[in-house]
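Look at the two complexes coming up: chain A is in both, with chain B in one and chain C in the other.
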Partner chain A sequence: MNDLKQKIEMAFDSIDINIPEDNRMIINISKDGVISILSYLKNAGYEHLALISCVDLINENEFELVYIVSAYMKRDDEFHDREKQNIIIKTRISRKKTRFMTVINIFENAEPYEREIYELFGINFQGHPRLKPLFLEIEYEMPPFRKNFDTRKFVDDMFGNIPEIEGH
Partner chain B sequence: MRELELYYGPQHLGMVGNFSITLNVEGDRIKKATANPGYLHRGFEKLMECRTWMQNFPLVCRINVVEPDHIELIYSMGVEKLAGIEVPEKGKYIRSIYLELARVASHLFGLWAYSNMLGFDTVANWAMYHRDLILDLFEELTGARVYHIYIRPGGVRRDFPDGFEDKIIETLHTIGGKIPDYNSTFFDNRLFKKRTKGIGKLDRENAKKMGAVGHAIRATGMKYDIRKIEPYAAYDQVEWDVPTRKGGDAYSRLLTIRDEMIESVHMIFKLINKMPKKGTVYTKTPNPFKWKIPEGDAYVRCESSRGELGLYIVSDGGKKPYRAHFRTPSYSHGLTILENILAGEDIADVGNIMMSLYVVAPEIDR
Partner chain C sequence: MDRNKLIKWIKTPAKMGNKYSLHAVYFCTGCGIIEIPPTITTRWDAERFGVTPAATPRQANLFLITGYVSLKTLKSIIRTYEQMPEPKYTVGFGSCPINGGMYWDSYNTIKHLDKYIPVDGWIAGCMPRPEAIFIAVTHLWKMIDNDMADGYKKYRNNYDQYRANQEKVLGSLDWPPLFK
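Let's turn to the complex of A and B:
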């Protein structure tokens, strides 16, 4: 893990890497560097994109996008340390300007993840071939997974006016 | 020939679960498939942000209806990692035994769905009956048949009752004794082979590219199993092997699942033999209403019966999770891989391929 850290630090400047525990590496990078670090990691053998997640950091007025990559096995029946490692890449984008680049060209299975984040957080992934709703049935005024979406008020508006059934 | 649009599911007879696929067909041949999830989207990840750490258990186990136990485990593992809780030795063994039972039950349920789809009603009934025997065990252990909420942060809820190990062994012998019958009626059957060999082929390169995990990648020959790669619970305490196949088609996937079941049963016997007789089964945790977990984030993963299951969880130091995001195996299997491998196949094989990939709709929607 430390070797990889050194290699990445050599290849990229202004990058913040820490290893909080065994087999987990957290890379903080500015939003312009995400594509290049992901392709670098893919070429280094970390070709399994496990998850793309998004965290709404409302107090800092930013979204944090989280990419988690790991490696498949090199040989079919030999276990190495490399598969144990999960690399977590974090980047921040402004809550006002919710645009980002798609990573489908690097990881094909990023497609539904990006669609989900577009729908639930309202982040627009440039270059995504079909950025349309994935789960939700109706359109919301605000993407519903944002922290300032008032779930309770929405439930009251949606279901509060249903008339009671007679006899109850 | 004219191209038509065909809606396959959620009401279609060949569909298992609340999921739908829009097929563009030319005659009997599929040109393009589009998956439409969302019939079971309940917004659990958002709801979890409004409940305390312990209150979330009834929610998380409903993320996968067929096999809730691994979701309980992954959530417990996430909380344990954030709060720095250790699991006692006996708790780890009990977790492993319980999870392997859940894996067998889930595979039997999958076998029911699959054999039903191919028209093997007898096998389907056997599988359902044998799953029920395992549910009886769960009922005795936890009080519930489907949603057990047995695993908790720090261990498991309670110890095995007296003589429970013997009951597990007896039940597994009953199921294991039926394996020759399963083989002769189903797995060695000419019809089964005809319907599955070469269908839904997923080669190694495509599997890697589209994020295949679990039995989908093991059916291409790779022993990719999180239980071996990053052992949790007591999986590093006993000897066991990861079953694989080479073909990458529906046939190989089904046989991988069968071998995995057999391996799980052997593993349970070994775990029961090695389990410590005395000791606590859980570490005490603070009052759930006042429990605050230190600020931080964690990614944990385990091997559910469908493949790599992960959880990215963030705490802001409060009583509730700040964000939780589940990486479920059916997500890439059902949305990316299914869409890709359906192109070029027959309409009759849609349900077949979908079940061989083991897609469960609630896991996709969450």
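Let's turn to the complex of A and C:
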């Protein structure tokens, strides 16, 4: 893991890497570097994008996007260290300008994750081929996973007004 | 056959038939569906009570709503319920269909199921044990005997209100009204 850390630090400048425990590496990078570091890691053998997630940091007025990549088991009878390693890439984008670029060109399975984040957090992934709702049945005024979405008020407005059935 | 019930069988054969052959729809929603496999298989053996799973809603007359109902599930619940032939009985399962349960402030879960489809009985608990299902079934027998399990009639009579409520949460529905 430390070898990889040194290699990445040589290849990229202004990057913050720490290894909190064995087989786990957290890379903090500015939003312009995400594409290049993901393609760098893919070439280094980390070919599996496990997940894309999003965190709404409302106090800092930013969204944090989290990418987790790992490696597949190879069948060449040779054990690779990377096969049990998880690499976590974190980047921040502004909460006001919710735009980011898609990573489908590198990892094709990013499509449903990006659709989900678009639907629940309202982040617009530029270059995504079909950015339309994935799970939700109705349209919401604000994406419902944002921290300033007032759930109780929404529930009162939406479900509070529905009358009971009268009659037999 | 229980000899004491012979008179009932002769007087109201249809009712007795409905009672002892409750065919439940295979419909999974929420966490309560976990209780259904032990209920219908050997440990608790629901067929002792005449409850057996049916392949399609068109062959079923018992609808167990086994947990919280999201808006997407509500749509399929309405479709399934309208496909079932009459007489049909609905049982809400666990606290979530009753009043939302732990999802009382969720943006995507309906709170009172009986505002959208008629519900004949409720099983309280989170989660109810399989024994509770049998208690519900025996209660349902009594209700069928006394003509109290008339949710399907209520649906027919108050269809306008039900349809209005359904359209209020789901927007426009894709299918025409069941009753004119």
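The criterion applied here is as follows: the second predicted complex is superposed on the first by the 159 of 168 C-alpha atoms of A that agree within 3 Å, B and C clash if a C-alpha of one lies under 4 Å from a C-alpha of the other, contacts with A are read in each partner's own complex, and residues count from 1 in each chain.
Quick note on the criterion: contacts are C-beta pairs under 8 Å (C-beta built on N, C-alpha and C of every residue); 3 or more make two chains touch, one makes a residue touch a chain.
If you're wondering where the values come from, they're calculated on a predicted model, not measured in any experiment.
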- Which holds for A:51: it touches chain B only (first), chain C only (second), both, or neither? first
- Task: In the three-chain superposition, say which chain, chain B or chain C, touches more residues of chain A.
- Result: B
- Given the touch rule stated above, what does A:140 touch, chain B (first), chain C (second), both, or neither? second
- Message: Output check: A:166 vs chain B and chain C. Expected answer is one of first, second, both, neither. What do you get?
- Response: second
- Could you tell me if A:86 is touching chain B, chain C, both of them or neither one (first, second, both, neither)? first
- Contacts of A:151 with chain B and chain C, given as first, second, both or neither: both
- Name the contact category of A:111: first (chain B only), second (chain C only), both, or neither. first
- Item | Those residues of chain A which chain B touches in one complex and chain C touches in the other | 135-137, 144, 151
- Task: Flag every residue of chain A that touches chain B in the complex, lowest number first.
- Result: 23-24, 47-51, 53-56, 66, 68, 72-73, 76-77, 79, 83-84, 86, 88, 107-109, 111-113, 133-137, 144-145, 151
- Sort out for me which residues of chain C touch chain A in the complex. 70-72, 75, 104-108, 110-112, 114-115, 118, 150, 153-154, 157-158, 161-162, 165, 168-171
- Task: Within their complex, state which residues of chain B touch chain A.
- Result: 37-38, 41, 43, 45-47, 50, 208-211, 213, 217, 221-224, 228-230, 244, 297, 299, 301, 308, 310, 312, 314, 322-323, 325, 327, 331-332, 335-336, 365
- List of chain A residues in touch with chain C within their complex: 135-138, 140, 144, 149, 151-152, 154-155, 158-159, 161-168
